[in-house]
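Once you've had a glance at the structure underneath, I'll fire off some questions.
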Amino acid sequence: MPREAAGGAAAPRDPAGRLIRRWEGLILVLLVTVTLWASAGVDGFANASNVSFLLLDTTEIALMALTMTLVVVAAEIDLSVASTLGLSCAVLGWLWNAGLAIELIMPICLLTGALCGAVNGVLVTRLGLPSLAVTIGTFALYRGLAYVILGDQAVADLPPAYTGLATQTFGPVPLATVLVAVLAALAATVLHATGLGRSIFALGANEEAAHFAGVRVKRIKFWLFVASGACAALASLVYTFRYASARADNGVGLELAVVAAVLLGGVSIFGGRGTLPGVLMAVLLLGVVRNALILADVANEVLNFVTGLLLVASVLAPNLGAIRRRRHLPTPSEGKSVP
Amino acid sequence: GTTRSDVTQQTSAPAAPASSAAADPNAPIKQGLKIAFLPKQVNNPYFTIADEGGIAALKEVGGEGKEVGPSEASASSQVSYINTLTQQKQDAIVISANDPNAVVPALKQARAAGIKVVSYDSDTAPEGRDLFVNQASAEDLGRTEVQLLAEQIGFKGKIAILSATPNATNQNTWIEFMKDELSKPEYKDMELVKVAYGNDEDQKSFTETQGLLRSYPDLAGIISPTTVGIAAAARYLSSSPHKGKVKLTGLGTPNQLRKFVKDGTIEGFELWNPGDLGYLAGYAAAALASGQITGAEGEKFKAGKLGEYTIGPKGEILLGKPTVFTKDNIDDFDF
Amino acid sequence: MSGRETGLAAPAAESAAAPAPPPRGDRLVSRVARVRELGIVVALVLLFAVTGAVNPGFLSPDSLRDILLNSSIVAVLAIGQTLVVITRNVDLSVSSVVGLSAFGGALVLADHPGVPAPLVIAGCVLLGALCGAVNGLLVGVAAVPALVATLGTLYAFRGVDYAWAGGRQVNAADMPEGFLALGSASVLGLPLLALVALAVLLAVGWALRNLPPGRELYAIGSNPEAAVLAGIRVRRRVVAAFVASGALAGLAGAMWAARFGTVDATVATGKELDVIAAVVVGGVAIFGGSGTVYGAVLGAVLLASISSALAVLRVDALAQTAINGALIITAIVLDRVLALRVAAALRRRRYRDAA
Amino acid sequence: MPDRPPVPPVLALHRVSKSFGAVRALHEVSLELFAGEAHALAGENGAGKSTLVKILSGLHRPDAGRILLDGEPAEFHGPADAQRAGVAVIYQEPTLFPDLSVTENIFMGRQPRARFGRIDRPAARRRAAALFAGLGVQLDPDQPARGLSIADQQLVEIAKALSRDARVLIMDEPTAALSGNEVARLFGVVEALRARGCAVLFVSHRLEEIFELCRRVTTLRDGAFVSGDLIADMTPDDLVRRMVGREPEALFPKLDTVPGQVALAVRRLTREGVFTDVSFEVRAGEVVALAGLVGAGRSEVARAVFGVDRPDAGRVEVGGRRLRPASPSAAMAAGLALVPEDRRQQGLIMDLSIERNIALAGLPAVRRGPLISRAAERARAHDWAVRLRLKFARLADPVGVLSGGNQQKVVLAKWLARKPSVLIVDEPTRGIDVGTKAEVHRLLSELAAGGVAVLMISSELPEVLGMADRVLVMHEGRLVADIPRAEATEESVMAAATGRGAA
C-alpha cells in the first residue's frame, strides 16, 4: 500500500518506512529499559542462571519466529507451526518407543516437519488458497495426527545425553540459544543480504510485480512453508529434550505467541516489511517482560494483558502518525485490509 | 545410535538422591520460611482450596506461603515458574505436576540450589522431589470408586469413565487400578465400555457425557475421577431423562455437588479434603526446609491439627482415607 | 488481488450486438453459487444417514436436540464472524469476549441474585458490543490490520477476564435456577438456546439480504475501492460489523453461562479457530465479499454433528481433531477447485461466443 | 467566450491544482459545465483528465482552487458528497463488485426501498432491465458481475451512471471498450439526457466521438489548461495540435537500421478468450510496433510471450530456441525483457528503494559469492540513473516518491540494465512528460541500432508511426495487419485496428 508522499518535495523520504525503522529502534529502547529496570528492581533477575532460564524459555518461540518472519514478509502466514511441533514430538516419542536410535529419529522428525510445511505450501501455492484458511485447517489436522500417533502417552525415558544437551549452558548462555543464534544469523543473512531475501521482500510487497521481474513466487513461497515446518520440527527437538517429555500436546498455543512476536517485531502482516533483528528483539522483549513480571510476583493475568497491549501498540503507533498526517481521502488501497 | 533399550539399561541403576544431611527430628521449624505453592493451574477452585490450606499451615509455623502458577495447565508453563521460584530463593516449592517428567530438569536445578521440593496431588518423577504428599493411595481410590459404583448399580451393567486429559498422571493410575478391580470375579457382570476425556474443561466434559449416553443408551453408570468432570456430568444428567437411572460417582467437592446429591442425581462420591492436603504439604515442606526430616522412609513429623505423619516408602506421605459423601453427611462439609 | 478479479475481459466483440443467449451460463453460475451451501446440506444428510444407519440412536429426537444445543453457541459466534469476514476482515478476539461476558454475567447473577436475568443478558450483549467497538475502532478508524488488532485484543480481553475473576469460579449452585433453566429449557421440543441462535440467524440473514447496510458489507468486502466510489461509508460499516460481532459474542457468553453453569476465566479459550473454521467450511470467502450466515451456521452445525457422530460411531476420541482438520481442508479445497472450474468454464464460454 | 448561456454553470472548476507528491497532475485548471451542453476534455495520456474527473467526483480534493456548484463554492469530502450534488461519474477503470449481481452493482448505495426499509428487489430489477433496454444491450440483471467482459463491465458502469438521473454526467473514456453499435446507442441516451438539461463531460481519445457528441472542448497538456474552444470552430488537426503542442515529427527521431536475424518468433500463440492464433517475428535491430484499440489484447500477447501468463496453445522462440512457457525467469535467461504497461502494479515495488528495484531483475549480476554486494547494486543503479537522466534525491529512497515519468525510467532502467537481446515495451511512455518521452524514443532507437529487437506496444498512433519499422495491428484478439513503415499511416493503421482494414 504505497502511500502518497504527503510532504511534497520538502519531505522526500517515505515516512512510513522511517517510522517502521523508528519502531524497531523503539523496541530496542524498550528492551534495554525493561532489562535495566528488571536488573535494578527485581530480585533474582540479573544473575547468570536466571539469564539462562530466560534465554532457554524463548528458544522455541525464537526458532519458529525466524521462519515465521520470512513467511509473513512474503505476505503469508503459518498458523500450524505449533501443531507441527506437536506432531514432530509425537513422531519422536512413537519411534523412540518402537526402539529406533535417536540419531535416526531426529532427522525423521525434521523431515516430518518439512513435509507438514510442504503440504501447507502446496495448498497455498498450487491451489491458490489463502494461507490463513489453510493453516487453520492443518493446525487442527497436525495436532490431531499427533494424538493419533502418540495417543495419551508421555514418553519420558529419553537419552540423558541429549536431554542434558538441551539444558547445557556455557556461562549464562544455553546451548540451545547458541543454536538459535546461529540459525538467526543464517536467516538474517538470507533475508537481508541475499538475492533470495530481496525476492522475498519483493514478492511480499507486490507479488504481481515480483512475478513480472522473474521472481519465482510460487517456488519461493513453497520453500518458505517447508522451512517453517522444518524449523517447527527443530523447535520440537529442543522442546522435547528440554522438558525430557515427548507428548502430543507439546507446545499447544505457541503459534499465537510466535505470530505476536513477529508482529511486535515490526513485520507488516501485509508483507514486504520487517527485519529479523526486530523480531529477535521482540522475542527477547516478551521473554524479559514475562520473566521479570513473574519474578516480581505479578499475576499471570497481567502478562496476557501486557502482551496484547504491546501488540496493538506496535501497529497502532505508526498508524496514528499516518492518520494525523493524512491529507487526502483514504485512497482505496489504504483501506485494503486482508485478514 | 542411542535407542530406548540403551537408556533403560542405564537408568536401571538407582538414581535416588542421597540425603545430604541427616535428619534432626528435634530441630525447630525455622521462622520466616518462604514456601511457594505451584498448582497445575491457578484459577482452579480445587487448587485454590488446597493452596489456601497450605498457606494457612505456613502462617501457623511463622512462615510465608504464596500461590503462583500458569493460567493454563501445561507442562512447559510450569517450568518457567519453577525457574523463577529458584531465582527467588524460596525455601521450598510445593508442586502438583502437569507432566511428571517435563518439570524434573527444572526441579533438579532448584534442588541443586538448596530448595526443598514437595509434590502434592500429582506426583513428579521421584528424582524431581524430596517428598510426595499423596491425597490417597492410588490403589485405594481406584478400587473404592469401582466398589462405590458397583453397589449403586447392583454389580451389573455397562459403565464408562469420564477422565481429565489423556495425559493426566493420577487419573491414568487410578484408571489402571479400576480396571484391575473390575477384573475380579464379583464384577463379571460389569463391563467398562469406554474411557472418555473431558480435558478438565467444563464444556468438553459436558459434551462427552452426552456422547457417552448417546452411544451407549444402556449405560448403567459413570465414574468421573476428576472434580471438573463429575460436576459437568452431574449437570447434564440432572437435566436429562437419565437422571437417577444412570449412576454417577467419582471425585468431587461437596460444594460443587451438594445440589446434585440432594436432587438424587448422585448417590455418593468421594474426596479427600483438599484443604487438608495443602495443609499437610505445607507442614511437610516446612519440616523439610527446617531439617526435621530429609525424606527418608520412616521419618516422622508433626502436621499441626492433622497430627503426626510418618514418611512411607519412596518418600510418600499418605493423607488418609478419602471421605465418601452422601446426602446424609454432605451438609457437614464446606469446601 | 489484482485486476483479475474484475473478470478476464474478452475483446469487445462486435458479435455482442448479436447477443449470445446469456441465461444458460448464468444459470450455471448461480447454481454453483448456491451449491456451496447445498454441498454442506448434502454433507450433513450423508453424515446423518451413515451415522444413523450404524447407530439409529443418533437420529433420535434427543440426540438431534443435543446436536442443536451443542452447535448453537458456535453458530451465534459464526454469525457474528461472518459479518466481519464479509468485509474482508477477521475477528480473532471472539473467544475472549465470550469468556469476559460469560464471567461478567455469571458474577452478577451469583453475587446479586436479585438482578433479573434479561437485564443480565442485555448487560452481556452490551459488554460484548463494547469490546467489538474497541476492535472496530482499531480496524476501521486506526487502520490496524484486523488480524493484528484482534490478536492483540484476544490477549488483552482475556487478561481483563483473568484479572476480574482472580481465580474465582462461579458454580451452577451459585446461580439462580431460573437463569440456568434457560440453558436447558425447551420450547415446542426445541432447545431454547437453539431457538435463540435460529432467531439471530433469521434476523441477521434477512438484514444482510434485504437491508441496504447489509448489502453494503458485501460491497465493501467485494471491492473496497469501488465501495468508496459508490459513496458507501466504509469505516462506519466496518466498525458496525465489529460491534455486531462483539455483541453476538456477548450474547454467546450469556448462553454459555446459562448452558454450562460453571464459569471461570478460561471459558471458551481457543474457540476462535473453531468459529473461523465453521465460517470457512460454510463457504464464506475469507477474503470477503461472499458467503451467507446460513452457510456459516450450517458449517457450525456440520462441525458439531461431526463431533457427535464421531463419538457415536465410537471413533477414538484422539482421532477426532485430526478428522476435523482434514474435513476443514477438504471443504476449502473443494470450494476452491469449484471456483477455478467455474472461472475456466466462463472464460471458455466467452471464447466460444466470440468465435 | 462566445455565446455564453446566461445561467451560471452547473458545475465548474476554478483554477484548480492537484499534485501527487512531485507529480503535478493539474495546475490552475478551470472548466465550466453548463446544463444541456456536452463538453469534451482532451489531452494526452497523463495530461490530468482523470485527475480532473476525480476531483469533480469528490474522490480527490484539490490542493488549490475551488469547485463551484451552481455558481456557489462547494466542497466535496468524498464521492458521496458529489453524488448528493447530482454528479454521476463513469470512471476510466470499471469499479464493480464482482460478488454482487449486475442490478446490485447499479444501485449499490441507493437501492430502491420497499416497506420496513427493505430493498425493493423487483423494482431494482425492473429499472436495471429498462436501462439495458434503453442501451440496447442484452444483459441479465441477476448475473454476478464477476466474469463480465470489459465491454459489459463498462456497460454496467454506464447504466449505473445513467440510473442516477444526474444533473451532471461525467464519462471518462466510457467508449474505450465499446463497439460502434453500443456507442451509437449510448450517444442516443446521452443526447436525450442532454436535451433534458443534463450537463455532460466526456473524455475520449477518439476524436470523431468528440466531434459527434460535444459542443465545446477543453484541452489539457501536462496538467495545464491549454484552451477552451467551440467544436464548430475546429478541425481534428487543430485539436491534435492543441493536445500535443508541437508537430509530431519533431518528437520521434528514428535511426535507420538494417534488420538482422530473427530474434523473436511467436507462432500461433493462443490464450482462450483473450487472443487467438497470433504469429509474428521480430528481427534484431528492428522496432516493431503492436498497435490496436484498447483491449485488443496486445498487452496479453506480451504477457504470454514473456511467460507471465500461460498460453493455451502456440510457442515462442527466442534466437531459434523454443522458450519454456509460463516462466518469466526462462524468458529472462533467454534474453527477453518486458517493460509492463502498469508500472505501479507490475513494474515496480513502490516500497522498495530505487536501487533495489533496479537490481531485482538482475540479482545474479549484483552478487558476490552468495551475498548481494551493495556496492555493485548501487553502481548498477547509478549507471542507469545517469544514462536515463533520472531525477532523484538518493538511490536508497523508495521508488514510490519519484514522479511518474521518473518511475517509468526506473522500470526501463531495471530492464535495460539486463542488456536484453529482445525488448518488449508495453506503453513505454504512458504518463510520461513530453521531454522524457523524446528521451525514451531516442533510447529505443539507439538500442535497436545496437542490434536489439524491440517490440513496442503503444496506444499513441503518432508514437507508433514515428518509431516503428513495421506496424502489427491487432483487432479483437487477432493479428489483422502487418504494415511496413512506408505504408503506415494513421488511416491504414486505424482502419485495421477497427476491423475495417485489409486482413
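Lettered A, B, C and D in written order, each chain numbered from 1.
Operating definition for what follows: contacts are C-beta pairs under 8 Å (C-beta built on N, C-alpha and C of every residue); 3 or more make two chains touch, one makes a residue touch a chain.
Chain identities (UniProt): A = Autoinducer 2 import system permease protein LsrD; C = Autoinducer 2 import system permease protein LsrC; D = Ribose import ATP-binding protein RbsA 1.
The shown structure was predicted, so the numbers you read here are calculated from the model rather than taken from an experiment.
Listed by label, the chains that touch chain B and also chain C are A.
By number of C-beta pairs in contact, A-C leads over the other of A-C and A-B. Work out the mean CA point of chain A and of chain C, and you get 28 Å between them.
Rounded to whole angstrom, the centroid-to-centroid distance between chain B and chain D, based on C-alpha atoms, equals 75 Å. Inter-chain spacing, taken between the CA centroids of chain A and chain B, is 36 Å. Per-chain CA centroids place chain A at a distance of 43 Å from chain D. The multi-chain contact residues of chain D, meaning those touching 2 or more other chains, are 59, 78, 345. Each of the following residues of chain C touches two or more other chains: 2, 162, 166, 225-229, 265, 318. Residue positions 42, 71-72, 166, 197 of chain B are each in touch with at least two other chains. Here, these are the chain pairs in contact: A-B, A-C, A-D, B-C, C-D. Put simply, chain A touches chain C in their complex at residues 77, 79, 123, 127-130, 132-134, 136-145, 147-148, 151-152, 208, 248, 253, 256, 259-260, 263, 269-270, 299-309, 311-312, 314-316, 319-320, 322-323, 329-330, 332-339. Put simply, chain C touches chain A in their complex at residues 1-2, 85, 88-90, 138-139, 141-149, 151-163, 166, 224-229, 234, 265, 270, 273, 276-277, 280, 286-287, 316, 318-326, 328-329, 332-333, 336-337, 340.
Partner chain A is touched in their complex by these residues of chain B: 1-8, 10-11, 42, 66, 68-72, 74-76, 79-81, 83-84, 86-89, 99-105, 109, 113, 125, 165-167, 172, 197. Residue ranges on chain A touching chain D, taken from their complex, read 2-5, 8-9, 12-14, 16-17, 189, 193-195, 197-199, 201-202, 205-206, 208-216, 272-273, 327-329.
Here chain D touches chain C in the complex through residues 57, 59, 78-80, 83, 89, 91, 93-100, 104, 108-111, 113, 117-119, 137-140, 142-153, 177-179, 181-182, 272-276, 293, 295-297, 345, 475-477, 499, going by the rule given at the top.
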